[in-house]
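What follows is a structure written as structure tokens; I'll ask about it next.
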Amino acid sequence: MSIWEYANPKKFMQTSGLLLPWVTGLAAIALVVGLIWGFFFTPADYRQGATVKIIFLHVPAALMAINGWLMMLVASLIWLIRRHHVSALSAKAAAPIGMTMTLIALVTGAIWGQPMWGTWWAWDPRLTSFMILFLFYLGYIALWHAIEDPDTAADLTSVLCMVGSVFAILSRYAVLFWNQGLHQGASLSMDKTQHISNVFWFPLIVCMGGFVLLFVALLLLRTRTEIRARRLQALLLRERMA
Amino acid sequence: MELRVTDLACARGGMIVLQDVCLQLRAGQALLLRGPNGAGKTTLLRTIGDLQKPITGTIDAPEDSIAYAAHQDGLKATLTVRENLQFWARIYRRHMGDVLQRMNLQVLADRPAQSLSAGQKRRLGLARLLVTGRPIWLLDEPTVSLDAASVALFGDVLRGHLADGGMALIATHIDLGIKADVLDISPFRAQHSVPQAGFEEAFL
Amino acid sequence: MLPELGKYAATVLGAYALAILLIVGLVVLSLRQATRMRDRLRDVEERVKE
Amino acid sequence: MIVLLIRDLRLAVRSGGGFGLGLAFFLLVAVLVPLAVGPQADLHARIAAGILWLGALLSCLLSLDRIFALDHEDGSLDLLATSPIPLEGVAAVKALTHWLVTGLPLTVLAPALGVLLNLPPDGYLWLFLSLLAGTPALSVIGTFGAALTVGLKRGGLLLSLLVLPLYIPTLVFGAEVARRGAEDLAIGVPLALLLAVTMGSIALLPFASALVLRINLR
Amino acid sequence: MIVLLIRDLRLAVRSGGGFGLGLAFFLLVAVLVPLAVGPQADLHARIAAGILWLGALLSCLLSLDRIFALDHEDGSLDLLATSPIPLEGVAAVKALTHWLVTGLPLTVLAPALGVLLNLPPDGYLWLFLSLLAGTPALSVIGTFGAALTVGLKRGGLLLSLLVLPLYIPTLVFGAEVARRGAEDLAIGVPLALLLAVTMGSIALLPFASALVLRINLR
Amino acid sequence: MELRVTDLACARGGMIVLQDVCLQLRAGQALLLRGPNGAGKTTLLRTIGDLQKPITGTIDAPEDSIAYAAHQDGLKATLTVRENLQFWARIYRRHMGDVLQRMNLQVLADRPAQSLSAGQKRRLGLARLLVTGRPIWLLDEPTVSLDAASVALFGDVLRGHLADGGMALIATHIDLGIKADVLDISPFRAQHSVPQAGFEEAFL
């Protein structure tokens, strides 16, 4: 059976209906375990003090903010190439989740920045590119809402997502060029020498898993809502025409 | 040269409006589309004019042979009548010739389009068809706002076009005074059977 | 009950509170939209069947 | 396509000029900034290059909605789409017209406004060159945004929202060139990047615009 | 007239929100300014109050053309003019709607954007208050400008041009209040002047707008 | 109650179009304005409807008694049919009553106005007249885009209005099927004599 089967809305509704409780449960468990572990059972860092505990929200949220956009990009491509409605609707469903994740990363980062750098906000490239990502999400969502016809909206937002991705990457380099920053580099990668210590590493992994699952659960839920909205619209239209 | 539409289904606002439309136009023939308000005449013309995609079915026509005249005339308010026509003539790489005379626009030729009355604008919009040089005309209520004299004038122009081997597909509620077959599109209204359990139907 | 947060208590608690607020907000919003849409669709499906 | 270009230029001139207005808006921004931030000359000198770039960008932005909307409202876009000209050509011509009417005059005027904002003398040339290299990108990207929102009534604000993030790379590199130029630093790298962004946009975006237009006309 | 207010608010919400968009544009300007002038925090702190005021003014400006143009295009302005509501009332309601949809949300958001631009902490309150006192004037003056240009197709740019000079007093006093507030100086005089400008505009301009509308509909 | 226009001259685009127009409407009377395209029908209606000032002459009508329906319908695309009508009803401080039924709009009541076809929009535009509750209707080509059934429907509505003591002044090129006097406005076309030496005439 090909994977495209799941692009059939009926099939998708069945499968996602089965999956949803499990994913939700796992997400809840992972999040609760990870956050409690991180919040209660990790020591304060010798340099950053207790603020290091923010990492368990900040980093997973940042991760999902970027992955959310990537997911939208892939879904948009699938829609443009194979015209599976579910994929367009899932892109629509993902946008608000991604935007919230971006917002969480920004807010926790800002709160963290206050004690660490002595300022809520600095025009560091990482932060700036997140702000820009936030703007891209805003524009994408606004475009979805502005267009009446669902297929046209799907087409246009897909094109915007693709063009936007190119410009988002360009902006990232532009911003890097513009200002070399304060923010720590990505030290998550395994081969880095300055790997953060295991005390923080393990709960962080759990939290990241939790955020991924949370994203998937919300995505399934919202995609189901979008599919239903689409069907509702079609039914109402039919009723009117009859 | 002919226009042949087979088994066409077309949609508007996400709903199939017409189904199984078949029609055929031969050189020199005109066809009047009839149907009550909301029957789907505009939708059908836009689909044949390649402004929207058909849901199913085929439209066979020689390439670059269709000229479409919509409810709106596409006039530029600040350009004069002559400049407006000349622009379209150049776009279609043709000469204007005596088109202004034929649509009785010579006295208005140097007035900006914004200072025309409703019927005068319409005459200019119809004159555009003549400079496209295309054989198949799709006309959506062409005589709206025209007075009797102008309707007759347009009738002459249309007969001339047909005599030259042109074709015309015309949606209208009023009598144009030309000899033409009539196609009532009400029978093609799409049957919206209540969808079954499946979800696929929800997605058109 | 709370772990020792030192002088950064407000910072850490604030960050957790805001982040959790945002997550919960999104979840609640999604759930509400989902139930609403499910109910509306069910109503209409029933009406259409008749 | 030349015909279309000529018509659009003529329309721009006749309708009391997208011509003058873009310039005037630019001028007004340059005047308003000192009024808003207060009268310190040293401050103005430091922000001059950036603010002028931003002003140029905003004046471009304000005229974007005219690119397609007028043609859409009076129905001529439908008629153009069924005409022998390819839509890619239409999109390219529209972008070119926009640049000729907005970007080019802005570029020429910018050094004069530099005076108002105490731009250091070294900066004039680089401000001019960076705008010359950057404004075409603004027009092309803006045309894409205008094509996206063409079906919407008064989509002006949405258009700005969609287009401004896309403007960021151009703005950053452009302003960087102008700023470094004013401070007598090396400008090679940002100028090269700016040119790359412009070239890339010009080469690719008209196709995206045509695609989007086709979708919108459906 | 309440009916008109309700309808306009409903239209604003339905059409995918003049609501959110004005805010988003404001945010964008706040992000673009540092990208344009460079990343120095001290510089930002000095220009923050002024730039935020300018940003608020520009977002107002961009939404002005919707005030009357939509109603004019679809003919409802003609019909309203022949209805029992006096045109003065129409103008006042339109200005109020515009403020509710644009000015008020901007005012609330502005302090948050102050963070982005390193506004000194003392400044937040005064920024908020000055916007609260000043944005109604922006809406009323803008309505007058919109009434002036209502007959013109896509008169957006001309509108900006006409309105910006009229905005200058509001901007100067408003930005002065916000700036002095941030620097902990006395703000009494500019605040009083700002309030005077606002009150005066609210009291008189709706009549001017109605007059101008009447002329334009002829 | 009556509408009396005496010695009216009206201008469009800085040019006097009509001169010496006199007409009179009594309760229950309808008057059809006839005249070729560009004769000045729209201009006359706009002047009587107080949307532009007359150059000379007087228009006597009771205050707040005129409802004008232009080429454009003043619909809000995102509001539904019902909301659109309700808005106008409230503006005129009246109730909608059975207006939707009378214009055969009940099935469309909850659809946004943008999804209507040309003729359906026009029906909604005409329904607005009914909720104004005003006795004098000025109608500019009211039946454009309407199909035969809708024209008949509108004819009924109009007859009802007249029977209730209303009045109507209608510019049209086509037959509406109601009994009414006809006024050809061509004789009122302004004589553009070359202005004499003085300066005043040049300035209208």
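Letters A, B, C, D, E and F mark the chains in the order given here, with residues in each chain numbered from 1 onward.
FYI, contacts are C-beta pairs under 8 Å (C-beta built on N, C-alpha and C of every residue); 3 or more make two chains touch, one makes a residue touch a chain.
None of these values were measured; they are calculated from a predicted model.
Listing every chain that touches chain A and chain F alike gives B, E.
Note: the chain lying farthest from chain D is F, by mean C-alpha position. Set side by side, the interfaces A-E and A-C show unequal numbers of C-beta pairs in contact, with more at A-C. At the chain B-chain F interface, residue numbers used by both copies make up over half of all numbers present, so the two copies contact each other through mostly the same positions. Farthest from chain A in terms of Cα centroid separation is F.
If you average the Cα atoms of chain B and of chain D, the two centres end up 37 Å apart. Each chain gets one centre point, the mean of its Cα atoms, and the points for chain B and chain F are 28 Å apart.
Between the Cα centres of chain B and chain C there is a gap of 53 Å.
One simple way to say how far apart two chains are is to compare their mean CA positions; for chain C and chain D this gives 42 Å.
Across the assembly, chain B contributes 13, 71, 77, 194-195 as residues in contact with two or more other chains. Along chain E, residues 15-16, 21, 24, 28, 35, 38, 153 each make contact with two or more other chains. Shared contact sites, meaning residues of chain C that touch two or more other chains, fall at 48. The part of chain E that touches chain D in the complex is made up of residues 15-16, 18, 21-22, 24-25, 28, 32-33, 35-38, 43, 46-47, 49-51, 53-54, 57-58, 62-63, 65-66, 69-70, 73, 153-154, 156-158, 160-161, 164-165, 168, 171-172, 175-176, 179.
By the touch rule above, chain B contacts chain A in their complex via residues 13-15, 17, 190, 192, 194-195, 198-204. Contact residues of chain B toward chain D in the complex are 49-53, 64, 66-68, 70-79, 83, 87-88, 90-93, 128, 132. Interface residues of chain A, counted against chain E in their complex, comprise 110, 119-123, 128, 131-132, 135, 138-139, 142, 145-146, 175, 178-179. Those residues of chain D that touch chain A in the complex are listed here as 144, 148-149, 151-152, 155, 158, 161-162, 164-166, 168-169, 172-173, 176, 189-190, 193, 197, 205, 208, 211-212, 215-216, 218.
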